[in-house]
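Listed after this line are the structures, all set down as structure tokens.
Shared between the two complexes below is subunit A, which has subunit B as its partner in the first and subunit C in the second.
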Partner chain A sequence: MEAQKYVWEGAIPLQIHLNESEVTTLPPPPPALILAPRIGYLPLLIPLIKPHFAATLPPGVDTVWFDYKGLPLKWYIPTGVLFDLLCAEPERPWNLTVHFRGYPNNLLIPCEGEDSVKWSFINSLKEADYIISGNCKNVMHMSQFDQLELWHSVMNGNLEAYLRTSSKLKFGIVEDEYTLKIDLCSQKSRKTTGEVGMGGQMKTGKIPVRLYIWSVSEDFEDFEDMPKIDSWDKISYINQPIEIHREEGKCFTLHDALKSLMPEFLVDKSLIDEESFRLEGEDEQVILSEDLSSNRMAAEGREISCQSVESTCTSGAAEIKLVRIQGIEPKLEIPFSWVVNNLKNPEHFLHICVCLKFPQVNSLDR
Partner chain B sequence: MASVTESPSSVRKVIVQLKATADAPILKQNKFKIPGTDKFAKVIDFLRRQLHRETVFVYINSAFSPNPDELVIDLFNNFGVDGKLLVNYACSMAWG
Partner chain C sequence: MDVSCWDGTLSLNEFSRAARTFAEKWKIGNSAFPPWLWVNVPKRPFVASQQVDGFLSLENICLIRPSKVCGAEVSHLEEEETGFSEKEVAIDDATLVLSNHHEMHYYDFHIVYSASYRVPVLYFRGYYSDGCPLQLNEIEKDLPACSAKVLLESKWTFITQEEHPYLNRPWYKLHPCGTSEWMKLLFLGEAALAEKRVAIELYLVSWFSVVGQVIGLRIPIEMMNDRTN
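Up next, the complex of A and B:
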């Protein structure tokens, strides 16, 4: 699959600066320039970064972490997703700060290098397996050797090795008439990389998805003008599988998929002009807050942070301003099956970054 | 189903059932409610305190270890069984 190759070859150019307070030499060391694989994780880059700064570090034990404009970066989120999420306007190179001391344990879960990342990866893979097949047998039945091979293929960005090893997982791909139409060139490769066995075919199965949402309350000319994300509280993270609904003659699009995850927040664009208070779906669990500094809406136990400067926000009339998957902004009409098969990460989760715009309303008639 | 006038503090709660695995001690109270908006880390910290151990291995449905940053409500929605979130705990790695 061509697209999968591009995804695996995708990388973010990083310019990594050492945290000022850890610079003990003059002149300070220049930043390290590293090309970080999109599907990789920041802690895996430490062996490449450390040599640049080793000579200047103060004495002590290394506890490495990264920040972007002051925001500590969650190391278990793939590098490409972090970039798509935190840089509305892609910054190249991406300027990050590395710290070797003072791990913010109150903000980040601990990381002990490669082992922690591998543990996180394998468990995400098991979680995906559970979502897709209802249990973790596929991963559990993989030999330790194969599991290691799989992990190494991800660490090294070796797609060939990955496809070889992951075919033993029998997860299969999403199959519908749109997969076949669009992926005509991959028909050949599908025959050679092994059969998608009975147990592996996902017909109307659930798709593991990690959805990251941030919201704005006005339109911006440039992404550069968007308020920056300075706290993880400003991002709503939803871990919820998407079920592909098949309807005769109708394509289940990316837009359909997103609507299924956020029914209470998304309205068809055509309805926005008519009435800004109309809600989709029957659940109207809307709780309005009048906190001016950070407005929140709660629905079904989940809160979506709304960055509004002045007025309070209402729900139900959100507009999708941006959808980013693997650095791509796909058209919402794209068949969701194609997105899943080509843009998912190696642990079989599809990571989607979404920016929603909630309109500002001055008067509330609730 | 919350009504519009309900205060934000009445967030949906999730029932968590703790189950000891292998050599782990069985807790007197092994079932409790936690707000859905809490992170799974809260369950892990609770276990650490109750078991007086720094390292605890925690699994959902004896299957996998979720990321501590995951929201309890998401884990319940995705993996809950019989209205509960089943959490297995061990003092050594049970399912590697």
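Up next, the complex of A and C:
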């Protein structure tokens, strides 16, 4: 698995600046230069960063967080994914600002160092377990020792140790559709009626995927010219498993996989027009203003204007401008099974960053 | 669908239907409370339109500190009203001691579908009247005394702090990994009384009968008994 080795060795060069308001010495300390593993997490770098700035910090308790151009960074997203998502044009080194005070508790969940990151990792692993095998037993039955060893192998970027320990999880790999396996041939794609696969476990045939989507409304020559992402509200995060549909003689590609999560916008325009008329109306839906923090709720009983959402899209399909996984832009015709087996993160999630271009639409009214 | 081969989970479309049933029954059976409202997930035009993506929301609920008896008294404060209306749940005066040190605690509850676990998940957050968030230890004091114990000891209902899947803010949630198991047990139990079929529209009603107890929002018996709708 050459590709997996490259993924594990992948790293982002960071140039970390101390937040101006926390600099108490003159001259200000130079930025720290750190090589951050792609599959790692920013808080794990703190032991490397802190000594660099310790002498200049004001007195007090550390609550460390990072920002990129003012955007506080979600620490539980792997470093490589953050970079792929926020730097359309890869910036090398990547300039980040570190803060030791003033944690934005209203925006970010708290992080108490390595323990928080480990907990988040194991939690994601359990979620992946549930998606793949229908329950969390594989992870729950792992001994504390093995769980720790798994976590340490990730922290240290030790692929060998990781492969050794994670094989105890019995997740398996996605089978290449051209490999004949009896149990695979007999499995239908819908697994919810309790079919039992290999080893007595219920195999759901689902792949854990986390999709990060941002959209633009015009073409850009360079990624550099793209509007910056200055708020997490500009990114749509879809945490939804992808089911692989195997058809005789046909390969389930990366494009097929993306389409299954965003079906209407990666098809021909003519098909979209058809589907908008087959829309099932929901009877009574409440439509709320987009300010969800408001306590004023609209009256009930208005029919959802799903039609109007539809109409914005019938004027043209969205175009995929960019798909980035582990820093590479794979061709969409590549078999999805290869992408999953080689490019997934250690917690068994495949993180995909997608930029969609929607054609300019004028109004929602029809 | 036969209960014996059901895995305790539901699809997104089934969740939407169950949400509607739950909200309707709540309105009828719990008229002293504000209704649960359906919120469409904003700004996601590329999700399949046949799948109505959204969640149930109940906000600005005031949880008064629990009395010595297990189970919290709950009331909803309307900002415009000067006092409690007659329809409100009777409140034990002994618990309504609001000295200067006791601020009112408000809660928002969202029932969100998890595509990974295929079950509903309860997200909640607490805050003071000025909007400042409550910490977990303060929230635990607002929960019914016996549920606090249950929380700490149960592997099935424990609270974690995670980001709300749509709102980009930290919320608390009841972890979903045991839900399908105990939902299956719940329906198996009910199936013994009625038909063997899974009435999936009633999923949320049953689910909330368990989850609601953890946070101190009780479902009246009327909501559970009416299975003919």
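As a working rule, the second predicted complex is superposed on the first by the 285 of 366 C-alpha atoms of A that agree within 3 Å, B and C clash if a C-alpha of one lies under 4 Å from a C-alpha of the other, contacts with A are read in each partner's own complex, and residues count from 1 in each chain.
The rule we apply is simple: a residue touches a chain if its C-beta (ideal position, glycine included) is under 8 Å from a C-beta of that chain, and two chains touch if they have at least 3 such contacts.
It should be emphasised that the depicted structure is a prediction, and the values quoted were computed from it without experimental measurement.
Visitor: Quick one: is A:Y130 in contact with subunit B, with subunit C, with both, or with neither? Answer first, second, both or neither.
Guide: The answer is both, since A:Y130 touches subunit B and subunit C.
Visitor: Please indicate which partner A:P241 is in contact with in the superposed arrangement: first for subunit B, second for subunit C, both, or neither.
Guide: both
Visitor: Answer with first, second, both or neither: which of subunit B and subunit C does A:D233 touch in the superposed model?
Guide: second
Visitor: Quick one: is A:L356 in contact with subunit B, with subunit C, with both, or with neither? Answer first, second, both or neither.
Guide: After superposition on chain A, A:L356 lies in contact with subunit C alone.
Visitor: Looking at the overlay, does A:L35 come into contact with subunit B only (first), subunit C only (second), both, or neither?
Guide: It touches nothing on subunit B or subunit C.
Visitor: Touching A:A54, do we find subunit B (first), subunit C (second), both, or neither?
Guide: In the superposition, A:A54 touches no partner, neither subunit B nor subunit C.
Visitor: Which touches a greater number of subunit A residues, subunit B or subunit C?
Guide: C
Visitor: Need the overlap of the two footprints on subunit A, from subunit B and from subunit C, as residue ranges.
Guide: On subunit A, the residues that contact subunit B in one structure and subunit C in the other are 74, 109, 123, 126-127, 130-131, 136, 237-241, 284-288, 300.
Visitor: Along subunit C, where are the residues that touch subunit A in the complex?
Guide: Against subunit A, subunit C makes touches at 5, 7, 9, 16, 20, 35, 37-40, 42-50, 52, 57, 59-60, 115-117, 133, 160-163, 165, 167-170, 177.
Visitor: Touching residues of subunit B toward subunit A in the complex: what are they?
Guide: Residues in contact with subunit A: 1-2, 4, 6-8, 11-12, 35-37, 41, 61, 63-71, 73-75, 77-79, 95-96.
Visitor: Can you list the residues on subunit A that touch subunit C in the complex?
Guide: Going through subunit A, the ones touching subunit C are 74, 105-110, 123, 126-127, 130-131, 134, 136, 192-194, 202, 208, 213, 232-233, 236-241, 262-265, 275-276, 279-280, 282, 284-288, 290, 292, 295, 297, 300, 304, 306, 309-310, 312-313, 318, 356, 358.
Visitor: Residues of subunit A touching subunit B in their complex?
Guide: By the definition above, subunit A touches subunit B via 74, 76, 109, 119-120, 123-124, 126-127, 129-131, 135-136, 140, 144, 237-241, 283-289, 296, 298, 300-303, 366.
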